Structures are given as structure tokens and as C-alpha cells.
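Shared between the two complexes below is chain A, which pairs with chain B and chain C, respectively.
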Partner chain A sequence: MIDTIVRENAYFDSVTLMLISREMKKLDGVEEVLVGMGTDLNLDLVKMLEMFLPELEKVTPNDLFIAAKFDESRVNMDELIASFDEQINKKKESHAGDYQPPTLRSAIEYLPGANFVVLSVPGQYAADEAENALREGLNVMMFSDNVSIEDELKLKRMAVDKGLLMMGPDCGTAIINGVPLCFANVVKRGKIGVVGASGTGTQEVTVLIDQLGEGLSQVIGTGGRDLREEIGGLMMIQGIEALLADPETHVILLISKPPAPSVEKKIYDLVADSPKPVVIDFIGGNAESVLRAGAVPCVSLEDAAKKAVALLRKQTPVDFDGFDASEQEIAHVVDDAAGRLAPEQKYLRALFTGGTLADEAIKYLGEHYPIYSNIPLTPDRALAKLEGLAGHLCLDLGEDEFTRGRPHPMIDPMTRTEFFESHIDETTAVILVDVVLGYGSHEDPAGAVADSVIKIREKLASMGRDIVAVASVTGTDKDPQDLKQSIEDLEQAGVIVMPSNAQAVRLVDRIMKTAGL
Partner chain B sequence: MSVNELFKEDLKIINIGLESFYTELKAQDIPSIHVQWKPFAGGNRKMASLLGKLKSSK
Partner chain C sequence: MTVREKIYNGLFIASDLRQFLLARPILELRVHSVFETSVNLLTQEEELVTFASSGRDIMPMGMVAAVPGVSVWGLRAGDTLSSDGRLVFNLPRGAGSIWLKDAHVRPVSLTQPLQVKCSPGIMALDLIKTKLLLANADGISPLIAWMPEGDTPPSTRKGNVYCTFIYRDLELFLKVLVSDKPEHALDLTERLIGFGPGLTPSCDDFLAGILLSLFYDSPWGNDANNGLRENLERVAVIARDRTTLVSYHMLRHAASGRANEAYLELLRAIVEDDLDALDSLIERVLAYGSSSGADFLFGLYCARKISADNIRTSRSDSE
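Take a look at the complex of A and B:
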């Protein structure tokens, strides 16, 4: 049966509710359940799931609803409500005693000296809240997306006028004064400063700098649209100027997709006068123009980290497009992997949770193989439909089409787990995944991948086949997840764990070539 | 205030939105506070817009 309840004026954030929905879905007899605030998006989802009842006609974004489809001989609505209450109370208990003021103004009174706002309310409300924060002289990191470009421009102009940070909208990663914010890793403090327009790209670079033994002074995020013509790189320029003036920063590293030409020129003009070395990874951009600006171009995120470290150590930066392991070791791994595949196993399945990591993979592998994707290299490789797809596939599972009504796959690995079940079969040759650790991420993303790989290998073993799985782990030994255990769990499951996304991608390329895919 | 002045201070953070970000800041002992946020004007866009106009005309 289908049932629903509404609780007026009970607000909870979307991630909390999506994670609770997922837990409730595990109850015996539950076919589908959606707990959400009464937003248009959520109500559309309820309709799509065919659970819309008249009680939902008048709900507002301030009202909570639970809509469920279940077998009433096994479970009833009261039990579902009890399950919801139990989980929400558990969450409330973890902050029992913390005063939570209702407005920004009262928060400022309660936390004297507050200097920073992390903002992640739904997009349509985010610009107003950010404006209030900037007016109060607070720096802003805006994780929210779906904010208009006009609002972004207005907010960033206001921030620049006031000498404040306005990171975002859609800014997922920053490390300010050593504090990891939203999705970021715990890295050593040091002398390399980063301004990044891409979240997981910034995570990968900062993690690799930490692993190479150096640290970060500041890591400033800009949001993905900052380098577009309309915004003019306001926050990237503000960030570069701050790092130039910062005595702790000795080397500057910039990460972004290629900027609009007018923005690129502004950045190169600024960089050309820099007394500090500047490394630029405009992913897939033109290396010549970077060189002309007196900066150092890169071939990958990993290469960017290595070059920044080399410059800090007064060494000459050289392109790194190989492997940490010896050629002999790599050849052995490649031959062994390719030798495990049956002739019917033809396809790559690259399932990414990190957007920039997916982008790096498709830009490299897409040059050599026809790869279908939701972020395709050429329009003819765009995904028309996923069902029954015969061909190589590389997905950015963090894109909107996969996160409707569910948490981002870095928070909840379930989306990728489902893809393992639905899109990896006896025709799959190679699996390529990223595992992103750090604050913001799931408590054990490696464990989820390991479980999926074990299951698929067991299934294929019954057909006398095996599969090749390659991963990289973006994490440090100081992250809340256990890096060493994560790598061990993956290797125990038979996954080849590479030291970086770039090396994982190159290894997959070698295996595919050797296997004749 | 300039960005470089912020670099010399300890972060004191107001979190508005996803509570999990606050939980993680607290776990790191970062001075922080979580706002019990609700959509402005109960999510009623027309009312929110009217109130917004009132506020900006003050």
C-alpha cells in the first residue's frame, strides 16, 4: 500500500533526510520510501515514484513528509514513523546541549569573533544568506549550487570590495588556516598555496603534496563557474593576490578547467609579475600559453603536485607521465591482468565519484578509445541511454542526473554499488574507480568498493571468469577514515591500488592495449 | 578586513545548512555554531519576495 504523513514546520537538511530514507528502505516489507521537505523537486520525485497522495497537495518547503510504498502484511506506517523518529532523535542527541540559534544575526552574537560562514542551504535561498554574511563582514564558503550567475557575480563583487572570500557557489573543497572545510583532507601545513576551481581535483593535488612530504599554506576554492567570462575569475584573482601577499606561501598552484580567454589573460598577466613560482593545471588547456606567462604547465593533477613540490625544493620541475613502480613491475602487473581476461570480456567500466577525477580519466582514455560518458570527450559519445550499453563507459556519478533525491556518491556509496550490480557483467574487462577519503566523505568508501568487487568476482568465478579492478585512493594518513586499512581492504578484494588517479588511468590504458580492447 | 588578515586569525565558523558539516567541525574542535535554519517566510516564495522588498527599502 501507499501511505504518507506530513509534519508541518519541521525542517531538516536534505542530506540528513536522504540518509534516513535509505536506512528506512532497508526495513522488511518496504518497497520505496522518501522522506523530504515539501519542495517542488521532492514532490516531483514522489510523483515519479507513484506515491503522491492528496495530503501532499498543500505542503510547503518548511513541512516534512514521509511517503512510503510497502507490503502491509510485513510492515505498517507506524513502524516506519517510529524508525524515522528513532534515527532523527539519534542525530539530535549527538548535539544535545549545543545552542543552535535561528538566524545568522543571533549566531554572530553567540559566537563573538565569528569570521567565516559555511553555507549549504538549498540554492534558491543561498544568495540571500550569503549577502547577509558578507554584509556582516564574514568570509563565505558556499557549498550550495543552483545559484544564478547574476547572483554569483553580485556576491563576488561585494566580497572583493570588502576584501572577503566568497568561495562558490558550488564550492566543495577548501582548507583555510589548516582547517579542512566541507569535502577536504587533513594535510600538513606548509608552503604551497592552492586556488582551485574544482573540488576533487584540489583534493587529489593536496593529498599528493602531503604524501610527497610537503604541506599547504592555504587552499582556496572558487566554485566551478569563477573562470567563466561572466564572473571574470574574481575569486581566483582575489585568491592569487592573497597568496602572493601571504608570507607563508612560497609556491602557488592553480587548478581549473581551461578559463574563458579574457579571464585567462587576466590570470596570466597577474602570474607573469609573480615573484613566487606558479604551477598551473588548466586541465586539458594549452601548455604553451602557460609557459609564455612564465608559469609551469602540467600533464595531470599528480604532475601538478610533483612540480609544486620540486619548485619548493628548488629543483627543476620535469613532466611526470609514468609510474612510481619500475617498468618491470608495471609490465608484470599489466601482463598478469590482461592474461586473466576471456576474449568475450571487452569493456571498460569507469565509475567515478569525483568529477575532476572522472574528467582526468576521460580526457586521457577518450583519446585512445571510444568511451561513452555523461561527460563525453566528443558529442557523439554522449550517453543516449545506459540500459544494454555495449561499449566502454566512464561515468561521473556525482553529476545531477545521478544525484536526484539521493546524496552525492562521495557521501553515500550506494549509487556506485548499484552500478556495480547493474552495469558490470561477464562482458566487462576492466573496472576503474576513485576512492575519495577526507572530511565530508563516507566513513568507509573503500569498504563499499571492496564489497562490490568481491561480489562481482564471485559471480564471474561461477562462469569461470575473473575481472580486473584498478583504483586510486585520494586520502592521507591523517584523514578520519583509515588510509592504510582502506588500501588493504581494496587489495584483499583483488583491486590493484595505484598511487594516484593519473597512474590508475595510465595503468588501465596499458592493460586495455595489452588485452587488445 | 582583508583575506590576508583572515589568514592570521583562528577560524570561528557559523554553519548554515547541512548539519554534517557542523558535526565534522566540532569533531576537529573548531569553534563553530550551527544555525537552526528554515526557509525564509516558510518557503512561500511570494511572501519571501515581499518581505525581501520591505527589508531592502528600509
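Take a look at the complex of A and C:
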């Protein structure tokens, strides 16, 4: 049976028309439905589908038509029309109230009194927008990168003059007054203030502080170049001063790669006069200099979190370079893992989405093993020197060479999934990965890793082999993703899940040593 | 006690609309169609004007107001809005007034020349193709798997009923577009305009992408085919009675280099090989309608792909 109806001068948006068409096609007995505007070519299509009836001869391009082919023993045209009307009348859930200001000016007008702006625009426009924001008296978090160092210096000087924050460029993590911004986790509010020049390093530390039962007052990002000679640590210093003045902050924690010597001196001079305890993790930096400044040095991001919590609780901070689990348990896990490897399985594949976590791994493992990387410890371990991948590999997949033209792997895990398929084979012994939860991250990064591990284990099983996979999950039980489920998914896939990146790295070291890699 | 009239402020007004309104102090707009986030209005000259709620991109002859949805204005098809000559429109039934006096003027055409990069944007085009294939939208964009260069036999074609129907005509159109008489392709739009699902049928969205690219590109990377650009408006003439009113106006604007903000930004990002901006712009455009954004993107892709191929060919010829 073929039938048709026409609604003259009826206008519905495209989404509504498509939804109606789909719903009508679902009705039992319906073979084909076309819902469209009455243009000549659309009517030609109706003819081609042998659904044309004389009623359609007079329709105009501004009339809506429905043409249907159906089994009249199971459905009739009245029911089709009723379905159409039901869909039209259904109140659609609308997001029209979520106003997205297209310009900074309109945002300021729309929200008078706002004092903070997050900028995420292409690099070439970012500096101008930030300058406009600073002129308006707004604190700035600049997620954008590809901003020149000259512009960064100019903007940060301007911010310092006005007593404002200019976080970035390339600042991915901050928590201001309890509000997580960009890539950040949902953590408790508390008394530890953080200034961080590294995104995932800051995430790892804040998450661990939360898991240890304490909270964060403010988490200020600086952008990765802030502690270079050219910028002079302007925002690190501004951040420290802000936390010193903040009555809610009792302990200050600084995270960065080692600063330029002149910047380091400025920071240590400021820290030396601090009435509040300061913990410093300049990853891979000189602990003696930190001690001389009267601050507390750290051996890892996890150690930094534990020491900040200890200081807050008026306890003596001590180095933590072990495991939460007992030595007996760790020995059992290590022996079991090493025992599963065949002699031909020789190599580490560490695939990180978080830059600082990758940095922490390579600085620890790179001391003991020749590891090739896009962030190598020494130039002779640069990725380009690695031919045929016959060696250990540790990659920061968030670096430009892997993200050009595609999303960051924390947003879209596809880049790492592809590496699992292309770079993990029967010669791989150990896989080390990070799983970063929180705002900004993929909805299920653990699921993506678990799927990849299951696939590679199935592939190797057909060759009579297995593989060792170790992960840490940076996340809290309040994050948008499900922390508990993430850990369960990984463990069900056979992944050993450690409580921190540092412990995951140490465990991998123990397994590699035991397996003689 | 005085009852204060409800005033709705315009946040943005398209430069062409502002110019149009200022030239006509007294004006009546008739409500043509009402959607959730926009109202289309017609002037007596049959010019289409769009009043939209916040969150929408500014469009040619349009304005965006600080309201969450247009239902607050209570407009119905056939209603009339009168202007008092001061960029203020009175709503019917005492619902208040819409003030455009302080709305920020936004361009709806590119005001800066495009900075064409040495590289013809191959990575940008690859990204668009990947995203469109993944989107697998309902209109004609799935044909990107075979177009513009494809010569795949019909038996191996996939896609929906619209793709199957239009494949040959679209193929011919693109073939003529790359020939030495590309302006003849404009006449072939008769076999495309008005076809496909949606209020702006798929082929119209596709053609809008082609027209916009042609308008801003020295045709196909050289100056030999300027006849093509000069005749783009022929498409609008053909479209007049062959498609919906809304779609006709979209094509007319595109033939003159006017389009909504996101479409223009996307064109700029492709031509200038701005991969950082491209990703989010593609997502923004893909969110238009059920398939409108995807079909527009498909048109833009074909035009830019042909242009890129021509640039490469002319370079290798000169070598």
C-alpha cells in the first residue's frame, strides 16, 4: 500500500524531520517512508521509489510531504499520521538556554562581575584575547598553545602589574575556588595550595591528596614555559604570593620540571621567607637546593602529595619510595608477572597520555635501562635513533608529533589504541600506561585500555604467550568517570593497577629486573 | 503603578541586516516560520530575516538576541513586527519589543583576505574526510568516500537512498567543474538544487559549500576561470523556484560570499591550514541540523580538493 499526506507551508527544522522519519520507519509494517520538502527533485526520488501519488502533483517546495509504503494488514495511514503528530508535539529537550558567548565582549556583557576567563582559541588569536581580558581586569587561564614566548612575557608582565593571574599559555589544569577547569579532577576542598607548571603532574598530586583524605584550597597553573629564563617564573611567583596571602592555604606545594637557574634562585628566595611549609617537586631536580631554601624536596609526585599531607597534619615528612602493598605481596606479583614471559619477550612499551607522568617514568626507568622516547633522557635515546623498534620505548603521546590534526589522547584514546595495534607484538614483555580521569578526559579511558589489552593478550595467546600490563589510574570517586569501575575493567582485562604512577613505574622496574630485561 | 514594557536586547546583528534596516526606517516584518531557536521573517521585498536566540551563530540578514529560546516572543506564523525606524521592533500582543540598537555588528563575509599557504591543505582535507566518514550523516555526505575523484562503479556504492539517487548527477557536476569550462557546471545545478532531506535540502547545503569556496578562491588556484566566479549568482536564479525559501536565500548569500560565522571560519581554517582551529570548527559545523552541516562540509571539501589538486598540477607543470 502506498499513501501520502501533504502539509502546506509547514516548516520543521531538519533534526525534527529526520527524527520523525526514523520513528515512522520503526513502525511495524512500514517498508519505506520519505519525509521531505516538495521540491521537484525530491518528488523525482518519490517516483523512483514508486511511491508517487496524484496528491503530490500540486505540492510546492515550501510544502512538507510524507510518502509511505506499508503493509496495510499491519499498519494504516492514520497510524502513520498519528505517529507524525506525536513526534511533532513531543516536547524536545532543548539546550537553548546554555548560552555560549561567541566573543569575549559578549561574555563580559552577559555575565557582569565575572573576574575569570578561560581562553581556548587558536594560538594566533589567543594573545590578543588574553590582552583584552587582562585590560578588563579578568584573571586568565589560557588553554591555547602556539603563543610566542614574547607574547607570553608581555601578558604575564601585564598581569603582574595588575595583580592578576595569567595562567598559560598551554595551561591545562587549575582548580580555582573549588571549580575544576579544563583537565582537572573533582577533589575535596582543603588547606593545601598548589602551583603547577605541569598538567598531569598537578592532576596526579591533587588526586592523591584527595585520596589521602585532605583537600585543596587553590590549584594554580602556570603553563610549561613559565620557569624558563625568558619568562622568569612570573606566574609561579605570582601564584606563590597568592597562596601565601590566602588564609585558607596552610601548606604550599610546587610542581615543575627543574627551573632555569636564575628562576630557581628567585623561587627559593621567596620560599625561604615563607611562614607556611612548602613542598617542592621539581621533577628530577636538585634536592639539596630545595633543602637549603628551607623547603621539602620530593622523590616523586606521590611523595609530594604524601609530604604535603604530612606537613598539614603536623607530622614529619619522610621519603616514600616504596609500595602501599606489603613487600611480600609485591614480590608475589613481580614473580608471577616475570614468570609469564617467554625468553623472546624483551621490551617495555610505556604509552602515556599525560606528559608529566611520562616524564616521571622515563626519569626513573631511564636511569636503569636504555629507553627510547620522544622525550629522551639523552639525545642518543631519541626516537629517531630507534630502528625497527628493537628496544625499550616510552612515549608521551600528548606531544605535538602525535596530536597534530587530532585530539589529545586524553580526550580521544584512539592514538594509544593504534599504538597498541602497531607497536606491541610478541617481543613485548611489559606494557605501562596511565589512565587519567576527570573533566576534559575521555568518558572511559580505562575501557579503551582494557579493550586493547584484551586484544593483544588474545593475539599472543594464539602464540602461546602472555604479556604483563601495569597501569595507574589518576582519578577520584567524584570524577565524572567511574573510578571503581575503571579499576575493575582494567583488572578484569588482566592489568595490574597500582595506586600511583610512581608505584606503577617502580613495579615495572622490579618486573624488568626479575625477568632480566 | 507603571507596567514596564519587556525589552529583549539583541546581542549581535549581521552587518548586512543592519545596513538593510538603517536604509528602511519604517519596515514591517511578517513571520514566515517559527522554530525552537529562530524565527524567519519576510520583508515586503521578500528578503528573509532571521531573529535567533543566544547560542546560535550569527547568519546573513540575522541577529542573535539574549534569550534562551524564541518562544519568549510568542510569535506565530503570519504575525507582523513593525519597526519604528530606531532599530526597535514591537512584538505583537503587547509582548514587548526587540532592541537592536546596541547589538554588536558582526560580519557575515570574510573581511580579511585569506592567507593561502604554500601547502594546499592536504592534512585539513584528510581530517574533514575522516570526520565525515565517521559521522555517516543522513544526507549526501557519505558520498565523500568516492568523490570528487572517484570512478567507482555504481554496484559498489554504499550510502542511503539519497546518495544512490543523486550519485550520477553529482558526479557529472563535479566532472564539469574540473573541466576547461567550469562555468557550465552552474547550469547543471538544476539537477541538484532542492534535492534531499531537510528544510535546506542536502544538495543545497552541498552547493553552499561549493559556492562559498568558489567565491573566495581565485578559481581553482589560478586566474584563468574568473568567468566562474562572476556567474555564481546564476545558481541563485536557478534556485528561486526549485527549493524552499530558506534554502534559496542560503544559496543566494553563499553565491555572494555570505554565510554564517562558523562556515566562514571553517573555510578560513581550511585555506590557511589552521589545523588547531579546524578540529573544533568541523565539530561545530557538523552539529548544524541533522545533515546540513555535514553536507555543507562535503561541498567545501570537494571544492577545496579540486583546488588543491589543481595547484599541485600547475606546480608540477611549471617544474
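In this text, the second predicted complex is superposed on the first by the 413 of 517 C-alpha atoms of A that agree within 3 Å, B and C clash if a C-alpha of one lies under 4 Å from a C-alpha of the other, contacts with A are read in each partner's own complex, and residues count from 1 in each chain.
As a convention for this text, a contact is a pair of C-beta atoms (placed from the backbone, for glycine too) under 8 Å apart; a residue touches a chain by one contact, two chains touch by 3 or more.
For clarity, every value in this text was computed on a predicted model and none was experimentally measured.
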{"item": "Larger contact residue set on chain A - chain B or chain C", "value": "B"}
{"item": "First (chain B), second (chain C), both or neither touched by A:62", "value": "both"}
{"item": "First, second, both or neither for A:138, with chain B first and chain C second", "value": "first"}
{"item": "First, second, both or neither for A:26, with chain B first and chain C second", "value": "neither"}
{"item": "Partner chain(s) touched by A:15 [first = chain B, second = chain C, both, neither]", "value": "both"}
{"item": "Contacts of A:164 with chain B and chain C, given as first, second, both or neither", "value": "first"}
{"item": "Partner chain in contact with A:123 - chain B first, chain C second, else both or neither", "value": "second"}
{"item": "Chain B versus chain C as contact partner of A:36, first or second or both or neither", "value": "second"}
{"item": "Touching partner for A:314 - first (chain B), second (chain C), both, neither", "value": "neither"}
{"item": "Shared chain A contacts, counted only where both chain B and chain C touch the same residue", "value": "9, 11, 13-15, 37, 39, 61-62, 94-95, 98-103, 110, 121-122, 124"}
{"item": "Touching residues on chain B, where the partner in the complex is chain A", "value": "1-7, 9-28, 30-40, 42-45, 52"}
{"item": "Of all residues in chain A, those that touch chain C in their complex", "value": "9, 11-15, 17-19, 21, 34-37, 39-42, 44-45, 48-49, 61-62, 92, 94-103, 105-106, 109-110, 121-124, 145-146, 404-407"}
{"item": "Partner chain B, residues of chain A touching it in the complex", "value": "9, 11, 13-16, 37-39, 60-62, 91, 94-95, 98-104, 107-108, 110-111, 113-122, 124-125, 128-129, 133, 137-139, 143-144, 162-165, 176-177, 179-182, 218, 238-239, 241-242, 245-246, 248, 411, 439-440, 480"}
{"item": "Sites on chain C touched by chain A in the complex", "value": "11-12, 32-37, 40, 53-55, 57-58, 66, 68-69, 77, 104, 123-124, 126-127, 138, 161-162, 165-166, 191-201, 203, 241-247, 261, 269, 274-279, 289-292"}
